[in-house]
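Chain nomenclature is as follows: A, B, C and D, assigned in order of appearance, with residue numbering initiated at 1 for each chain independently.
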């Protein structure tokens, strides 16, 4: 099997989506990139998770052209391609319609940072890109979705290496990371953070954002130069 | 076994209802039609899912008369019959009391179209038929439920080939499609859309409906002549 | 084993409670009566469901005195005894702290009848007895809980053969029926009705109660002399 | 294996966390103390539950110094150590980011006592410690979290033998008990109480607290000198 390693990794990541309760039917996809070869493996479009195999993953280059595979790639493939092309450090991307994150996206609201669960991952609100212009929609919609994400990060001076997730307004979340495994992890965390932020505001509509000192502390203990979480 | 194919398909569809978390006990039923024979197979009334077999499915004609089978058909059989009789293109019908869709039906509210998950299926609000007149209730209630649905579609100029689901006010949802499998799929999607629309409004009571251009785009990419979702 | 039949039935009913998601740890109990012998079998107090056996069920008379069994019966035994003693037709009782029903009990609100799911079981709001007087609490609390339930039915002219469930204010639900199996069924239905009524009011705080004609229709088709639900 | 007994017990308790739905990924930890040896066994930091073994538990003294084990202990180890050092009677501690309890902590609200489920465990609101001062955060954060908890109990004249749980504002819950098994039990109860209190206020924002006589009664029947819950 050609591109075996990324096919295996993309397959494994896609299979985690239903296990983590992040997708209904085929409403999600994960991809894993091979930076040296300039390609990524992604789920074929509309194929049920129980019918997936590593062989069925489609390999596509960063301009969205199929390089290997007989099935149509995910209809969101062009969005993945744009992100890989412009953000050189990322190695995995995940798109879901997970319940709570998608509801925040539909509400067109950023997810406020209310606690340390969120701060362990990033110390900004989870961004929400507003729905794109009609002109962009009528163009190549999936390519434009990629630029919508990249432009939102630029305009709001967010660093995609620190904030590895976004809500696309009226649509649903995208997450990324050094590989597909980390992007899946981020999708599950995002869903949990989205659920708890929702509940927090129901309990206390005036709930204050996390104070700056706690943001810094929690983020640093997982990610700073003196981080002391985990085993290395 | 007579009518083996539709009995098998109706059986398989009914068994999916508890697996997808769409029913408690026996609160739901699915049917599959054979258009050539002018009949459909439906769940027997009040039989637990774990006791179902394909043989126990009851075969009924489009006037609601039992053609084959020894058990009583579902108490909702007449509603299925009316829909099959008037809507010639559909091959499967599902009725559930799934949690979120039923709550919208009890609230007597249409489900607003808030996102692309919804638009991938249809580009209208999910309709909600108001409770029927007392006279209709006292007549043949289940037949009238069928007409309540058909009349609602007529009055609101909805096309049952495009919008394959409805909430019956104070009652619960019905979905349909080219076969029972697709109708079950629609029931699961409706439940997820209903849950996310509920959460969206809790997060932002002023959440805007999906913009027209996005509605058109998402629907077209799955259903239009140039659709590019899936494998064919 | 003495009283084998009711011990087996009480055991089977208790084991359904965790399977139906109605209890956390030991927060619930079910009993089955033998009307001829004037006794009932009930769960022992504080024993984990995974350690239960039919033999461990405690058999108690309708004055709450242990007749057979070496373990202490459930701390709610006296409440069961009072209900069996005064309501001659019932053969099973279940008490849980199920999430949504208990939340309505804590809110000290009746559950309004919003839809046909509810009307298939009874055509009244689910009653909620207000917390008892301090004097009653300081007396024999569990016996008084039984009278609190019976008195509430008398005062509100409710028939315990038609309405087989109640919320005890600040506490949690009790359900009953012709046997423990039916009482468990009622507990699961109550939890689902409680959840959907909660959601209905979140979606539409002005949601109207079910109209009278629909109440009558649904209840009659399951329970009236011309009922046509099920197989007999 | 050194300290086998507490390693086994800490392991078993940690493994219950995902089974009870209280943690996502590695967002939680449990420890078990050996009071004679002055040490406790705790989960290693950032290790997935499926990779845990009793041998991997890290044994630490009450000043937070590793005594046995090759892995880094949980990043929350210093908080556990402070609590064990100052509260001599406790033998187990659990920290989770469970959904509803964490949402109350993020909302910075005590959980009001609304019902008997809560009163069976303690007869106070579940306390919520406000986020600590910036100075404390910048110091040894995890040690300060321990003092934040102890100080909150002192200031509010709460007894840690009666109230075995707290929400740390903007962060998440801690629970404790005579051993890790009881602390886990308390974490699950806290999550359920937190969920039902949330729902209670959604149903009735004016829901009254549990009346004093019921608080006393329920607590005494489980914990008083004449308690009559359970088998001893």
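We adopt the following convention: a contact is a pair of C-beta atoms (placed from the backbone, for glycine too) under 8 Å apart; a residue touches a chain by one contact, two chains touch by 3 or more.
None of these values were measured; they are calculated from a predicted model.
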Looking only at residue numbers at the chain C/chain D interface, is the share used by both copies over half or under half? Answer same or different. different
Mean-CA-position distance for chain D and chain B (Å): 46
Averaged-CA centre spacing for the pair chain D and chain A, given as whole angstrom: 33
Would you pick out the residues of chain A that each touch at least 2 other chains? 202
Based on the touch definition given at the start, go ahead and assign the chain network to line, ring, star, complete or other. ring
Touching chain D in the complex, chain A uses residues 114-117, 185, 188-189, 192, 195-197, 199-200, 202-204, 207-208, 210-211, 213-214, 217, 221, 228-231
Chain C to chain D touching residues, read off their complex: 24-25, 27, 44-47, 71-72, 75, 97, 99-100, 102-109, 131, 134, 137-138, 141, 170-172, 198, 201-202
